[in-house]
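The structure under discussion appears below in the form of C-alpha cells.
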Amino acid sequence: MSEASEKETGRIEAFSDGVYAIAITLLVLEIKVPGGAGLDLWKVLLAQWPSYFAFATSFATIGIMWINHHRMFNLIGRADPMLMILNGLLLMGVTFVPFPTAVVAGYLGQPGDKAAASFLAVTYIGIAIAFNLLWNYASSSRRNPRLLRVHEDHPTVRAIQGAYRFGPFYYVATLIAAFLDARLSVGLNLALAVYWALPPREEK
Amino acid sequence: MSEASEKETGRIEAFSDGVYAIAITLLVLEIKVPGGAGLDLWKVLLAQWPSYFAFATSFATIGIMWINHHRMFNLIGRADPMLMILNGLLLMGVTFVPFPTAVVAGYLGQPGDKAAASFLAVTYIGIAIAFNLLWNYASSSRRNPRLLRVHEDHPTVRAIQGAYRFGPFYYVATLIAAFLDARLSVGLNLALAVYWALPPREEK
Amino acid sequence: MSEASEKETGRIEAFSDGVYAIAITLLVLEIKVPGGAGLDLWKVLLAQWPSYFAFATSFATIGIMWINHHRMFNLIGRADPMLMILNGLLLMGVTFVPFPTAVVAGYLGQPGDKAAASFLAVTYIGIAIAFNLLWNYASSSRRNPRLLRVHEDHPTVRAIQGAYRFGPFYYVATLIAAFLDARLSVGLNLALAVYWALPPREEK
Amino acid sequence: MSEASEKETGRIEAFSDGVYAIAITLLVLEIKVPGGAGLDLWKVLLAQWPSYFAFATSFATIGIMWINHHRMFNLIGRADPMLMILNGLLLMGVTFVPFPTAVVAGYLGQPGDKAAASFLAVTYIGIAIAFNLLWNYASSSRRNPRLLRVHEDHPTVRAIQGAYRFGPFYYVATLIAAFLDARLSVGLNLALAVYWALPPREEK
C-alpha cells in the first residue's frame, strides 16, 4: 500500500484551511482607495457600494465553502494522490474567487455588469462541480481501501451527497439571473451563502 | 444533536488566527512607494507619516482584537452553526480593516480627512458590535447544550461581558473626535488599542 | 549536540506549509481587472487567457512542489541549521514564482513571450536544484547524527532520489521549448505538474 | 494569578509564525512586471536586479528573524500581557519590512538610493531593538512568576543575550555603510542574515 494513502488527512486540511483563510482575506485588496475625493469623501466611499457588495458576497461564499470543506473532511479518513489532485482543483477555484469578485466590484451598475455577474456565477459553478468531483471520489464504495471513516449509507454521507448534488444548479440559477439583472444575481449568491451556512437537513 | 455542535472549537480558532495574521500583515501593502523622489527621498518618506500612523493604529487594533478573540474562545467549549456565522461576521469586519486604513493613509492631513477618520471609526464600531453579538450568543444561558466551558456567573465571563459591552461606545467617542480633528480620532484609536491590551479588571 | 538539531522538524514543516499556501493564493493577484471594457466584457475576459493559463500552471506547479516537500519531510526526523538554510533557499524560490507567472501572463501571445516563458522555466529549474540540494544534504549518510528517520537504502528514499535528480532536466526541456514557442513551454510545465502529482515509482 | 499568564505560549508562536510566513511571501509583490518591453524582455528583467537583490536580502533577513524568534520562544514557558505587547511590537516591525524593501527595489542604482538603503537599515535596527526588549523582559529574574523555562544563567540564555545585544549595532554598521554606498549597505544586510543563520556560539 502506498505511503501517501496511509498518511492522515490532517495536513491536507491544514493546508486547505490556510488557502481558504488567505483567499478570504485577500478579497479586501480589490477595494480601491478613491483618488482626489476631497471633502466629498463620504459620498465617494458610499458610491463604491458595488465593491462592498461584491466583497461581502465572496466573503460569505468562501466562508461557507470552508465550512462545507470541513464537514466533508470530517468524514474522510485517508488520502490518496487522486484525492489530493481533486482537492487541489477545488482550491484552485477558491483562490481564483478574488478575481471575478474584483471584476464585479469594478463593473456593477455600469455597462458590462451582466457579464461580470455571470463570470462570478460561472466561477461558483466550477467550484461547486469540483466539490462534487471530490466528494464522489472520496465517498465511492468501489475504492479499496475506502477513504471514508464511515459507511456510504451513513445518514450524514447521504445528506452531504444530496446537498452537494444540487450545488451547481443553484449557481446556474444565479447565472441565469445575471442575464436579467447583475445586482439580483450577486444578491442571490449572497443569499445562497447564508442558506448554505445552515447545517444539512438530517441534523435535527 | 448535530455533528457541527459537537466538534471542538479548535478549528474555528485556527482559521480565525490565520485570518487575523493575514489581515494584520496585509496592512503594509497600503503604504505606497513614492515615485520620482530623487535625493530628497528621506523627506518624502517622512512626509508619508499618515501612512505609518494609520498602519500602526490598525496593527495595534487588529492585534488587540486577536488577543480578545482568544480570551473569548478560551471560554467557549462548543460551536454551533450560528456561532460560526457570528464569528464569520466578526472576521469579515477584521479583513475589511486594511481598506479604511488605506483611506486614512491617503487622506490624513488633507481635505476629506475627517470623513476618512470617521470611516475607520465606523468600521471599528461595527467590529465591536460583532464582538458583542458573538459573546452574547456564546454566553447565553438559554442555549442547550451550553457553549461555554464555565458558568455564566464565572468572574472572567462577567469581566469580559463588562469590557465588551462598552467597546462600541469607545469607538463612538473616536467617531465624534473625527468631526473635530482626524488626527485626534486616529490617535484615540491607537490609545484604545494599547488600553485594551491590558487584561480585564478582575485579573489581579 | 546542538539544540536546533534536536528539535523536531514539525515547526519547519508548518512554516513551509504556510509559505506554500500563501504563495499559491497570491497568484490570483497577478490577474488584472480589465478597464473600460463596457458591453464586451466577456470578450475582454476571454482575451486574458494567458493570465488564466499562467495562473493554472503556477498553481499546479506550487501544489506539486508542496506535495513533494511533504513526501520529503515525512522521511526527515531532525533539522540542523544547514537544513534550515537549504529549506529557506527552496522557499525563496517558491515565493518568487508569482513574479515570473505575472511576466508570462503579461507577455504570452505578444512580442517577448519567449523570454517570459524562459524566465518561468529558469525559475522552476532553480527550485528543482534547491530541492536536490536539500534532499542530498538531508539524505547524506556521512552526517552524524543522521537526519533521516529511515536508512539511505530504503526504497522510498531511493525513489525520491531518482525522481528529484531528473527534476531540473525536465525544466531544462521546458526552457528549450520556450525558444520554439512560449505557449508550448508553459503547457509543458503544466503537464509536468500533473505528471509529478502521481506518486513515485516504487509505490505500487 | 491571571489567566493570560497561565496559558501556554504555543498560540503566540503559531500566530507569530503565520505573520512571518505571510510577510516573507508578500515580498515578491513588490517586484513589478515591466511594461512594454517587447523583444528585449530578458534585458529589462535583468535590469531589475535591484528588485531581486532587495527581495533576497529581506527574505533572508525575515527568515533569520523567524529562526531566532523560535530559538527564543523555545525557552519561554509563559506569557503575560506585556510579553504579548512586546512581541506585537516586534511583529509590527517584521510586517513593515516589505515597504522599505520596495523602496530599496525602486531606488537602488538611482539618485536617492542612499536614503533608501538607510531606511531599510533603520527598519532593521528597530526590529533588533524590539528583539532585545522582548528578550530582556522575558529573561528578567525580577519577574514572578518567571517566564523562562530555564534559569537565567543557563548557557543558551546567556548566549542569546550576548548575540542579541549586538544585533542593533550590526545594523548601525549597515546604516553607516548606506552613507558610503547603497549597494554595499544592502549587501552587508544580506551577509548579516547568512551569518545569523548559524547557531549561537555555545552550541558546539
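Labels A, B, C and D are assigned to the chains in the order they are written; within every chain, residues are numbered from 1.
Assume contacts are C-beta pairs under 8 Å (C-beta built on N, C-alpha and C of every residue); 3 or more make two chains touch, one makes a residue touch a chain.
Remember, predicted model here, so these are calculated numbers, not experimental data.
Taking only C-alpha atoms, you rotate chain B by 90 degrees to land it on chain D; that is to the nearest 5.
Of all residue numbers used at the contact between chain A and chain C, under half are used by both chains, marking a mostly different-residue interface.
Inter-chain spacing, taken between the CA centroids of chain A and chain B, is 25 Å. For the pair chain A and chain D, the distance between C-alpha centroids works out to 36 Å. Residue positions of chain C touching 2 or more other chains, listed in rising order: 14, 18, 22, 26, 29.
Touching chain pairs in this entry, ordered by label, are A-B, A-C, B-D, C-D. Per the touch definition, chain D reaches chain B in the complex via residues 2-4, 7, 11, 14-15, 18-19, 22-23, 26, 29-30, 81, 84-85, 88, 91-92, 95-99, 102-103, 106-107, 111-112, 115-116, 118-119.
Interface residues of chain B, counted against chain D in their complex, comprise 14, 17-18, 20-22, 24-29, 31, 33-35, 37-42, 45, 55-56, 59-60, 63, 66-67, 70-71, 74, 156, 194, 197-199, 203-204.
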